[in-house]
Amino acid sequence: MAEKTMLEAVHDAMFEEMKRDERVIVMGEDVGEGGVFRATEGFVAEFGPNRCVDTPLAEAAIVGVAIGASLNGILPIAEIQFADFSHPAFDQLVSEAARLYYRSNGTWNCPITVRMPYGAGIHGGPYHSQSVEAFYAHVPGLKVVCVATPHDAKGLLKSAVRDPNPVIVLEHKKAYRLYRQELPDEDYTIPIGVAELKREGSDISLITYGMMMHHSLKAAETVHEQDGVSVEVIDLRSVSPWDKARVLESVKKTGKALVVYEDNFTGGFGAEVAATIAQDGFDYLDGPVTRLASPDVPIAPFAGELEDFILPNPEKITTAIRKLASY
Amino acid sequence: MVSVKEIPGAMGLEREQLLDLYYKMFLSRTVAQRERMLNRLGKGPFAITGEGQEATQVGATFALRPGHDWVLPYYRDIGVAITVGQTPRDLLLALLSKSEDISSGGRNMPSHFSEPKLRIVSGSAPVSTQLPHAVGVAFAAQLRGSDEVALVTTGDGGTSPGDTHEAMNFAGIHKCPVIFVVENNGYAISVRWSQQAAVPDVSVRAAGYGFPGVTVDGNDVLAVYGAAKEAVERARSGDGPTLIEAKTYRMVPHSSDDDDRRYRTREEVEAWGKKDPVVRFQKWLEEHDLVDRRKLDEIQQLAAEEIDEATEYAENAPKPAPESALERVYAD
Amino acid sequence: MTAVKEAPAALKLSDEQLLEMYYKMLLARTLSIRQRLLQRMGKGAITYSGEGHEAAQVGTAFALRPGTDWLYTYYRDIGVVLTIGMTPAEVLTGFFATRDDVNSGGRNMPSHFSHKRLRIVSQGAPVATQCPQAVGTAWASKLRGLDEVAAVYFGDGATSTGDWHEAMNFASVHKAPVIFVCEFNQYAISVHYKKQMAVENVALRAQGYGMPGITVDGNDVLAVYEAMTDAVERARGGGGPSFIEAKTYRLVPHSSDDDDRRYRTKDEVESWSARDPLVRFARRLNEMGKLDERREKEIAERVASEVDEATELGEGGARPDPESALRPVFVEEKGS
């Protein structure tokens, strides 16, 4: 067992996959020198410049070239430097990677992994902070995971590399160096689409993912100590496909659901979770299905005061829990 | 009319203009250095500058009519912003993301310049998205029958995105009055030019869009000014766009979050340090007897005072009200 | 425009190969006409075809190794896919959107070709998205040490897109063995090339990426074959990508939904009909003493019966099960 940060876990996942299978390569901007977050540190030395490839600064090409290479015996892990920069590649992701298998009636599949650091809270301003999971979770044919712990990052990234479908791996960049976690020495994967109970509880089901999971655990601790409210925290980890069964099972037990996400309130992925609970879990409910998210302003303004004001945090989550608990 | 003797090699600029050019370069350098220092002191979370690129930035912009022509800079363009009229105070208010920050009120990152009065169009971080905007601005000027031109800059990495191609193609077809300036500093963060393109000079691409492309020494402010002047004249007279590639070097890391020792040698950086465009222009002015030590001291002192005043002002300026984050998502 | 002088590669073609070329061109033409006819009879929702492009399509595809080299076609490329080995029935099942349609099982539009065994990669409709993908496939061949090349096809409109630029740039930086084939027919639907670009020959752009670019008479099948053979050899030999601009003309509307009288004159269309690549090649073969009236008739009869047979197969093909629309969105088990 070794203690790793999430960033090291991401590094190790790719490193080990490249060792395991020589078809795996990484490609993206600055990856040759280790990447702006240092996720590919030492890769060129280990695997050579043909397996850790600096690309021109052109995201449509990064994804489009990865698609084509994946059809010809290569398993590319494409890095988009910031999720905000995936928009120039939207066409390749949504119209191409996602649709290739279906439109060819199952003859061509596209086993690419697209990694994107995402999320706010690091003074990234409006272009290094966005949550993009709702865009991509909306698209059949793409799988989307959102990781925020070292253990999950490593296991899910490995699953993504081994998946025969296109998988977008969203790594919350604020969680990259948040803490260290002991990781197994042996190879492991975590199935895509399976949520994890991060804290057991009986009064409220709190469904979340990404950085908000860490904030939610703090809030759950606070209300447990101060109010005696028992909150069950479920980390979705994958948003497409997502673990509806696990969520409904929890809501059946607690009768209350709070969905917390960092993205804008309107049309964020949490809206899908809330709608599903409302439709399929109506009989279990003792209170309104509640969402807590960022207000509908571009995420995120650069100034610390402005950014802090809009993002959900443990205090805001605590308040939301208390309100829901009072029903 | 009294004939004024032209200063050889000065591209038609007179002494006062040449001194102004120098002042703007020196001031740009000073602001950049101050920004990085303030960042290291923990006073701003992020700084992004372009020391070494002042000749390109100031030289190209100097050919414009500030406030009349449009500029769409990228995030290294302190020299562009200064030349069209932003002040060190404006720039430092943005660095420290203060309420009065004219570029964005603390919403955008520092060095993402914006000021409608000066016709500096707000830019984003995804590289080269400003190029189609510049073409649109120029196209509109053309449609309105105005003689305004637009100058847009990007880095060498900025030549790769599809937006750049689409912008240049559109500009070529419609003969838009736009000047594309590529500040080719050899690196897109860590990625070398040879990994970015398979041609030595990107200006060769202009021919494929049906307009002229030139490569100039981007550390020679007068060469850049000369190329830009010609391009502006072309644009203003209805002859369409020009691509200017200025070969230069970023003497500092990409940003306050970057460590450039990972990807380039100290020898390389030092070799370019010897070609410092500010020092080079200063020498040129001295060689042409346009300044003496006293005059230089005066100019440098002026810049220092301005930057100190700006620092003090910006540091004491109020932070934005947190709830202002909710405002101005839509125009009224 | 580069004139093909003595066409050394073309001169190496055997009589059989020359007649095969002619046969493929006629097959492409006849099948296209049949599709448009069937569409007008209400038997299919839409057709795309490229009558007039046959020389550009067959001439380029003829220089490739079917099943080894990779193809990224666009929606006019009936001539390309037939040359590589798709059957008329495989094309028409796409038109009829049958259950067993090899291209997509009725999921994609007609003429959006896909055939895994022949390495024809499924295509989307947004223009030029196939360009970076072709570069990726070619680059993978290079990384794997294979001598396979990729050919990617598109029209003149596609050269305006960001994807095209990014693909050209990536290919040249990484010396990917890919051949970019622009079927320059002067119109992106209704938009004339003068509104698409400010240059006469788009091949000029290749120099901006450090790759060879050639403009060739796209209605001269041997000239096209010659240019493509050079480019393929270059790619296979590690010399990197090439760009071929084949100047041609679409003799028919953009699609069955388009009325080209809106945007071009009858005179213009007629002047290009006079340069019909099929007629031109037949005449040339005749002059070379390779195609007499009897052979011509034989080939025409063969083509007609093949197209009739394919029509029957397509029309009689099983319809897809409606609920199969729900599949296959994801590979459910380890596929590749």
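Letters A, B and C name the chains as they come in the text, with residue numbers starting at 1 for each one.
Everything that follows uses one rule, which is that contacts are C-beta pairs under 8 Å (C-beta built on N, C-alpha and C of every residue); 3 or more make two chains touch, one makes a residue touch a chain.
These figures come from a predicted structure and were not determined experimentally.
*Asks:* Touch graph of the chains shown: is it line, ring, star, complete or other?
*Replies:* Graph shape here is complete: every pair of chains touches.
*Asks:* Hey, which pair has more contacts between C-betas, A-B or A-C?
*Replies:* A-C
*Asks:* Between chain B and chain C, what distance separates the C-alpha centroids? Give it in angstrom.
*Replies:* 45
*Asks:* Could you give the separation in Å between the centres of chain A and chain B, each centre being the mean of its C-alpha atoms?
*Replies:* 37
*Asks:* When the centre of a chain is set as the mean of its C-alpha atoms, what distance in Å lies between chain A and chain C?
*Replies:* Chain centroid spacing, chain A to chain C, equals 41 Å.
*Asks:* Check each residue of chain C and list the ones that touch at least two other chains.
*Replies:* Within chain C, the residues that touch at least two other chains are 162-163, 165-166, 169, 173.
*Asks:* Residues of chain B that touch two or more other chains: which are they?
*Replies:* 160-163, 195-197
*Asks:* Where does chain A touch two or more other chains at once, residue-wise?
*Replies:* Residues 55-56, 58, 60-61, 88.
*Asks:* Which stretch or stretches of chain C touch chain A in the complex?
*Replies:* It comes out as residues 70, 72, 101-108, 112, 114, 116, 121-122, 124-126, 129, 131-141, 143-144, 148, 150, 162-163, 165-167, 169-170, 173-174, 327-331, 333-336.
*Asks:* Residues of chain B touching chain A in their complex?
*Replies:* 45-46, 97-98, 104, 106-110, 112, 124-127, 157-158, 160-163, 188-191, 195-197, 257-258, 262-263, 319-326, 329
*Asks:* So in the complex, which bits of chain B are touching chain C?
*Replies:* 160-166, 169, 172-173, 175, 194-199, 202, 204-205, 207-211
*Asks:* Which residues of chain A touch chain C in the complex?
*Replies:* 25, 50, 53, 55-56, 58, 60-61, 63-74, 76, 88, 91-92, 95-96, 99-109, 111, 140-141, 143, 162, 164-165
*Asks:* Over in the complex, which chain A residues touch chain B? Could you list them?
*Replies:* Contacts found on chain A: 29-30, 32-34, 36, 54-61, 82, 84-85, 87-88, 123-128, 295-298, 301-310.
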